[in-house]
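Before I ask anything, here is the structure I am working with.
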Amino acid sequence: MPSPRYWREIPSRYRLEAAACRGCKRVIYPKRQVCPQCGGVEFEATRLAHRGRVVTSTVVHVAPTDLQMEAPYAMAVVETEEGVRLMVQVADCDPSEVLPGMEVTLEFRLIRKEDHGGILCYGHKAVPVE
Amino acid sequence: MPSPRYWREIPSRYRLEAAACRGCKRVIYPKRQVCPQCGGVEFEATRLAHRGRVVTSTVVHVAPTDLQMEAPYAMAVVETEEGVRLMVQVADCDPSEVLPGMEVTLEFRLIRKEDHGGILCYGHKAVPVE
Amino acid sequence: MRDVAIISTGMTPFGELWQSGLRDLFVQAAREALMAVGSPSVDAIYVGNMSGGQFVGQEHLGPLMADHLGLAGVPATRVESACASGGVALRCGFLDVAAGASDLVLVAGVEKMNDGADVTNVLASAADQETEVYHGITFPGLYAMIARAHMARYGTTEEDLAAVSVKNHRHGARNPKAQFRSEVTAEQVMTSSMVAEPLRLLHCSPVSDGAAVVLLCPLERAREFTDAPIRIRSSGLATAPMALADRADPTFLDAVSLAAGRAYKSGGVTPSDIQVAEVHDCFSIAELCVLEALCFTERGSAGELTRAGETALGGRIPINTSGGLKSKGHPVGATGVAQAIEIVEQLRGEAGERQVPDATIGLAQNMGGSGASSVVHIFERV
Amino acid sequence: MRDVAIISTGMTPFGELWQSGLRDLFVQAAREALMAVGSPSVDAIYVGNMSGGQFVGQEHLGPLMADHLGLAGVPATRVESACASGGVALRCGFLDVAAGASDLVLVAGVEKMNDGADVTNVLASAADQETEVYHGITFPGLYAMIARAHMARYGTTEEDLAAVSVKNHRHGARNPKAQFRSEVTAEQVMTSSMVAEPLRLLHCSPVSDGAAVVLLCPLERAREFTDAPIRIRSSGLATAPMALADRADPTFLDAVSLAAGRAYKSGGVTPSDIQVAEVHDCFSIAELCVLEALCFTERGSAGELTRAGETALGGRIPINTSGGLKSKGHPVGATGVAQAIEIVEQLRGEAGERQVPDATIGLAQNMGGSGASSVVHIFERV
């Protein structure tokens, strides 16, 4: 059974729900109570575009326990068209090809199986644009 | 496989090894680097007598995960003949009979099976004197 | 050292707050405190938290909380002393302002306990893991042993213990932020399910989520922000042997006695000067032992004092007007700060139905583990 | 604020210390520091520790450590800021003495990492659990991303990164307390097993056990205890956004820059006044980024500075003469205090084979997570 910690994050992880600050227009993902840029507290709901570019990346060889079967895998900080950055795994490619500047789309995927119960945890991964 | 944390405690848990402070004669269990009574740092090795008396006690009904199958069980702070006090489970009796003043002996027993691996962890439990 | 004042407070309700994560709770309480005084700029943050690592896999709460409050950059430090983490955070903030290192300091206590972790195991990590927990004792079990020793030594009864819970629920029923706003009867307490003999469910504080925040500044600047500053007259912190077995008298809380002695002395007050107090009633027996260690009553007499109604609203020294940990709730790291907030409200005359008339000096006592650490603050209206 | 001095130090060797538990490590280092100055009575204890709860199931380290040192009763507080916990404990002790609240304060850093816990998971709790760790990033992975960004932006090379490890091992080989007392070649570094590209095993600090302790007192009393007090000239603490994705420039460590700026300003010194520094090289790239954030060199130029030998013993500004986290070891909560000890030894002229000639002003920089918190202290011989 997914924990409260998991389902609280579902809107951001499943639907890429974000918030646009009414003060400075910055888009914040996941949404927050206070804008880190201007301190504003009023937002409009928005969703991220599913398209972005790799800011920086790595290939994880020594993986956490839950993901050891997947290593080596590529991780990247991706900047979306709204200027939002998020940490994602990059799938469906040779991990060594994931480098700064690469264009990606964000796709809904299984992220991990957690703990001994094997709870299935979902979210978005990046996939290189052809 | 027992962890280092487990085997470091084996001398005190398996053999009731203690230390008598050369300064104030207080017996310390488990042994320490500094005497909590006089600040002394020189000790003679000793072993606790296996006999004592209950100082205070409880019966645990809501137990930690590893011990849920054993609840309710009695726990006691026992004072040995050397004036040392230790926290132990009290076995081989009706838990509700374990009350301050009860005379007990300390016996080597299985204390718990730890984690999913079911590691067997040993130590001493108290048993009422007939 | 500079005089230090509390100028503002903020607090989430306490309870099972399934919708809010650790960071949400903190931000909610902190924003309330900041907005009440016009959102001044903050020089430092202290976060009291017992076990973010074990409860929700999150350490490093200083920067996380500063960041989510929109204050990345500001110095932020997490402090821990088990269930006394909030009180100890308050003390660190107090020293920071007193030293002259910071002017405006935000002190938070926060804990998220209802998020899937094994609460019994996490709380036990406040006790000695090698000599106590290994053998099967639980956290309620340790206080149960203290209770049984107190009963054996002083003739304290189950009725005395129940009277603490009954009183604190009666107080908490008047507190809109309390987790349990319902009264209970002595019979309900004494027939509730057994946790660790002689303690039953209704002797135990609940598993709670919540956050509490106070803002501190030098007393001389306090009136820039509020007409009702509350001075922190003194702060006392002390420790005692970690394991219950290593304390000469299991019925007496040496750390509380020492911490209070330090706070009384540096504050220049005596126990009889205290008009209202929040004390650490994680279990009903704890309140009795604390009242004795604070010298509010003779050793062994706290049960009688409680049954006589002297610690209830309207009594000689009202204790836990907030409902205490028992009724208000006990998000462990938040508790010490929430106690300070109740005293601030009392000294400001803003406690509504819970108001102690004309209270000018109050005390908050917060405790870690089975009493291995305790922190005491004395507050006054200025 | 009162001037504050370090009057004594104590430290265990760093390494895989299977024979010693968390409490043993603390007591060993604390006794060494106390005995060196005639075991004076202690007014307060601060314990820097990242994750006793997750590593060994033990929170509430303040009272536990006071108790095992034979000092039950003394105020004792645990502070945490991930891998900066030790440096933050030093800052808390510094403020306590500066405030005039305590005279003699014992500051400890301690961590027991080799005791069966899943170290990768525990270290990840210094990062943002919800937006980073959930998606599969590890702690080395975060620094690997910083490294790749630095390479892309400034042309930093694998050779530059390797030069940090080679230098720090060369220094550490001269430190009897270091975990690895062996030199390594650039080729060994660049062919060691991959951890997170581009970082290999020999770019990473090891998993270590250890404790480090310093004693503080008011400078005006320091000569009662020692002929060679070291003044803490200033202390700066800062935070930055928790998640790497939330920082405008992943190659620049804002928290380090801010903390250093505060320490330089309140200490009245400039980067060029610093003659020796210990910096947080948890990964080789970290040392490069820190050198830039401390303004020891232009942004993007730290790799070149390192390859030119300017940060080695004999160079313009020797960095990590102790061997740094890489070679000396990195028991995470202990590191910040151990850094201070190295600077104390340098300023006292007691660093032996590692001595920087005539060093009178030194700096220690400690960092938490992927740079979300950092604390900087400046020390001087008086």
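All chains are identified by letter, namely A, B, C and D, in their written order; residue positions are counted from 1 within each chain.
Please note the rule applied: a contact is a pair of C-beta atoms (placed from the backbone, for glycine too) under 8 Å apart; a residue touches a chain by one contact, two chains touch by 3 or more.
These numbers come from a predicted model, not from an experiment.
Trainee: Using the average of all C-alpha atoms in each chain as its centre, how far is it in Å between chain C and chain D?
Mentor: 33
Trainee: For chain A versus chain B, what separation do you get between their C-alpha means, in angstrom?
Mentor: Going by mean C-alpha positions, chain A sits 50 Å from chain B.
Trainee: Could you grab the centroid distance between chain B and chain D? Build each centroid from C-alpha atoms only and quote it in angstrom.
Mentor: 38
Trainee: Which chain C residues reach two or more other chains?
Mentor: Residue numbers touching two or more other chains: 21, 56, 67, 72, 121, 124, 130, 133, 241, 246.
Trainee: Specify, in ascending order, the residues of chain A that touch 2 or more different other chains.
Mentor: 5, 36
Trainee: For this assembly, give the contact graph shape among line, ring, star, complete and other.
Mentor: Here the contact pattern is something else, fitting no line, ring, star or complete shape.
Trainee: Sort out which chains touch which and give me every pair.
Mentor: Chains touch in the following pairs: A-C, A-D, B-C, B-D, C-D.
Trainee: Please give the residue numbers of chain B that touch chain C in the complex, ascending.
Mentor: Going through chain B, the ones touching chain C are 5, 9, 13, 30, 36, 55-65, 67, 70, 72-73, 75-77, 85-89, 96, 99-100, 111-112, 121, 123.
Trainee: Spell out the part of chain D that touches chain B in their complex, as residue ranges.
Mentor: Where chain D meets chain B, its residues are 18-21, 24, 27-28, 31, 39, 56, 67-70, 72, 114-116.
Trainee: Chain D touches which residues of chain C in the complex?
Mentor: Going through chain C, the ones touching chain D are 1, 21, 44, 50-54, 56-64, 66-67, 71-82, 88, 91-92, 95-96, 98-101, 121-122, 124-130, 133, 237-242, 246, 254-255, 258, 368-369, 372-373.
Trainee: In their complex, what parts of chain A are in touch with chain C?
Mentor: 3-5, 8, 32-36, 39, 41
Trainee: Write out the stretch or stretches of chain C touching chain B in their complex.
Mentor: Residues 118, 120-121, 124, 130-138, 140-141, 144-146, 148-149, 152, 193-199, 241, 243-246, 250 of chain C touch chain B in their complex.
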